[in-house]
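Note that subunit A is present in both complexes that follow, paired respectively with subunit B and with subunit C.
Right, the complex of A and B next:
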């Protein structure tokens, strides 16, 4: 088969887009949005159940839908979208053809089959085992089979991405090193390979156990290896959404990384240290020593936390520098005040950065402290934390970048621009409420994954304080708001993609590069060694101030939690 | 050149780093180091730590030990299910069985005393969550986990299950009594 070398040049960005890659990006993005729709409906119903005044679903449906919500959101929505990002960061940003598009379609079909089979298992009603599916509680064999098929597909897609990097290098479609955003995508893909391998190690034996070929799965072994899959997959998300932050800063502001070296080293720290982080799920488990727990949960001296703190500075820092160059130099924050807050690509990205850092990041580190975990483990604080990281952080960043992808890749005008403009704010406000009030209720001991915290009719029941019920109700209101924000996103994207006005550029042609390579880029003139604003300039004072505010919040909240811990019963 | 394009300088790793970035990296790293040291510090000077004491066991063995304790120290029964309430001597080994969907037996402890609390599940994973203290421990089948607990204040506490354990998970709740020592 002749290699397909169809390219078009994007009139908006000047990027060279390989058409088979474009088709695959579209397919994966559409599958992601469909998963988001299903997961969102389930999310609405479980929110209305935990809001005790409404208490909508009966227990069997609540546990079923909670399982489905976790899988559709955390696995299918996010990973389909991430595959689209990998193809974009590989093929489109490097201006090269996608390696083996047919294999990429096989990967896509496997992932779709896996997602459908897994959802089938959940909706059968005999696989309400939660996202974590802890053995020895068992699900229907198709539950594990669906996940395995999906993972195989995702693994193939990662290798298509790696192959694309090789193609770009071989065919010299770019000069020097890959762009930072592609580097971030490489980080995500490497962590994905580790993640999927861990998933295979635990889910394949569990599948055999579910059909009777293996007779025992140890619960501690399961939790240890499962979290190497379950938590590492969240690190794919972090790498991917940080790459999206950098991409959006570049697209909107033409921002250049403050220092390529620092940003790339920070990504490298993710690869080296974040994979051992999954141990923080096991801090109150028997059979593991404190030495092991401390070493592994501190990500070996918190080096991965350091990496996130670096990205948290360099992304807004690069925006500040770009804005100051354009003349927004008044005071500490004119660059931020005069940023395009009505452009959802920017507002979504910046709200994602704030939510991920202030809510998700700080709470995550605190939960991961060996002793502090005693007062947090399995309370609703935990979902509070990860709704800040995965939803405010990852999902909102992906929503923001969608508003760029629709005109650039789908070549449709954004429908309902006013709704799109408000969407990030509505969604971020709702999800911030969800996450903050869940954390608050968790601090009061409210358990996660629990159908009835009033223990109605139970003679031994526990009465939670009124504040806990109030927090759960406020979480419910936040949840409704977030669902409205999610629906706005779905309305804008689905309408734009299928019914939106096509973007036609006069004189636009696709170019078939029959012979040889895609045209090579010109090489930039050599520049002198210098940092961005001159070697010693203190170029982003506003960002540095924000970083100090962040650090202060972090330190205060850290010690507040030690104070809480010091008041509970002594344990040895 | 921006983040979506290759670095402007081919030898980008030799470019100097801005002082602002260096400062932040140093500050953040010191904070990370501090947080790391805080955990061993609390093991030495703090009062809330897990003992790392656990043994492999079987449901039969664990249940027989719990039954022996109940036979010796039962003081009364509660609810229609006649769940025994046990008052073991201060400092002794205390057994709490987690099973679908019950904590068994109920315990009555003295404030200011220390007990060796043994936790194990007979079937699936459960979550020991003591309220309103908010102490949360994972309970595994096959692993007998021992915690030295020292109740501080008298009162009626609740133990709820906070690890999802099937359709009646939310009904798995029990009491723990702490009385003042005589």
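Right, the complex of A and C next:
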């Protein structure tokens, strides 16, 4: 069978784009955006239910939609987009052909089938088991079948990515190490393999249990292994969005990491340790020892936290160094003030970085401390945390990079540029409010996944303080704002992709292997994305000042939580 | 004294690989990283966790 060697050179970036890779990136990105649309509508309805003054949905619809929202957002939107990133970071950044495009299409079809079947199961109304689907709470067999098909498709896609690395090496389309952004994608793909394998270990027997072939699923065993899937899937996001941060810093500023070695080591720490963070979901489960809990949530996990702090320092640091080289040297922050804040690719990325670090990162460490976890376990603090990491961090970074992907890969001009310009701010403000007020309400004990915190009509009621209700209302307002931001993103992207003005680019041409070897980048974006070596400059005083602000906030918030704990169990 | 041996491209490649630091060789090998990235959490989280659950005595 003839190998497709049709490539085009992107006039905007200078990157070589393989025809099947481009088609697959488009298909996965479109499937991701469709999932985001469905999940976003469900999110709006859930927000309007948890906002107690509105309390929109009846309980059965609330739990149905919460299940669909969790799956469409945390699994389908994110993983479809991540597969698009893997193909971009593999084929496009290495300037090589995508390995086995047919298999990649099979993977895509399996993922689409899985997502559709799982949504069908949820909307039937008999699978409102939520994202976690804890056994012995059972769902319709198609619920598990859909997830399994999706996972198999995603696993195949990961190995297509690994195959592409082999193709690039064999055909020598790159020299030496893969670019840092591709290395971030390698990290995401490795975490994805562990995640999907864990999902298979527990979801396949649960599927057999749902059709009566297996008698019993042990609930603690289910929870333990399921979280290796459920939480690790969110660590794929972290690696992918950090890779996107580095990519955007290179695209917009031509920035090189402060030290490429340190950045790669930080990704290695993710590979080794970030997935074990799953254990923090089991910190109050009685069957597991403190040794297991503490090693998996603290000692080893802190190495992954260190890695996130390294990325959080080196990405803005590399931007600062690049900006200072351009002459923005006044004071500590001229480089930041003069950054292109009206460019949604940059503003989305930088807001994602701030939100992920200050809100998601700090709250994540608090939740991972066994003693502190008890204050907020299973409260709405937990979704507050992961809306900061997965939505403010990952989703906003993916939204930002979409504004680059539309002209570069879809070859369309961005429609409604003013809306695109404001979109990251509206979305980030809304989602910051959602996260902060969820965490605030959680600290006051408001439970997560609860239809009615007034317990109206129940014989054993509980009255939350007025502040809790106020925070839930502010969370609702933030949620509406975030939905507006999400709608702005969908309007710009969907219109641009299907109705936007075409950008005329040179067509695809056959490139022989020998011609494809180590292509010389022709545009700054490609050069920066594919380059090696750090900036070898540690002169980033503004970034170090921001890092000190971050560390101060971290330490203060950490001790405030110990203070809270002392009030729960006073020491005498 | 200058080295006057003839070198082939294969020798050059070997010399080059000898000069690559261990950490870079590790980081440049995605399949070794894949192995480590699966084994470490499987041992620390999954196997250890499952052994603890299996060791819980059954209530009588």
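One rule holds for everything that comes next: the second predicted complex is superposed on the first by the 532 of 572 C-alpha atoms of A that agree within 3 Å, B and C clash if a C-alpha of one lies under 4 Å from a C-alpha of the other, contacts with A are read in each partner's own complex, and residues count from 1 in each chain.
In this text, a contact is a pair of C-beta atoms (placed from the backbone, for glycine too) under 8 Å apart; a residue touches a chain by one contact, two chains touch by 3 or more.
All figures in this text were calculated on a predicted structure; none of them were measured in a lab.
Contacts of A:287 after superposition: both subunit B and subunit C are touched.
When the two complexes are overlaid, the chain among subunit B and subunit C that reaches more residues of subunit A is B.
Within the superposed three-chain model, A:177 lies in touch with subunit B and with subunit C [touch as defined at top]. Touch criterion met: A:539 reaches subunit B, while subunit C stays clear of it. Of the two partner chains placed by the overlay, only subunit C lies in contact with A:296; subunit B stays clear of it. Of the two partner chains placed by superposition, only subunit C is touched by A:221; subunit B is not.
Overlap of the subunit B and subunit C contact sets on subunit A: residues 176-178, 218, 220, 261, 282, 287-289.
Against subunit B, the residues of subunit A that register as touching in their complex are 59-60, 63, 93, 128, 130, 134, 136-137, 174-181, 218-220, 223, 246-247, 249-251, 254-263, 282, 284-290, 294, 298, 301-303, 305-306, 309-310, 313-314, 317-318, 365, 369-371, 373-379, 443-445, 447-453, 455, 458-462, 464-465, 524, 526-527, 529-533, 535-541, 543-544, 547, 551, 554-555, 558, 562, 565-566, 568-572.
Against subunit A, the residues of subunit B that register as touching in their complex are 1-10, 12-21, 23-25, 27-29, 31-33, 35-36, 38-40, 42-43, 46-52, 54, 78-80, 114, 119, 123-125, 127, 129-138, 140-145, 147-152, 158, 160-171, 173-175.
Listed in rising order, the residues of subunit C touching subunit A in the complex are 23-24, 26-28, 30-31, 33-34, 36-38, 40-42, 44-46, 48-50, 52-53, 56.
Residues of subunit A touching subunit C in their complex: 162, 165, 176-178, 183, 186-187, 189-191, 193-194, 197-198, 201, 218, 220-221, 224-225, 228, 232, 261, 264-265, 268, 271-273, 275-276, 278-279, 282, 287-289, 292, 295-296, 300.
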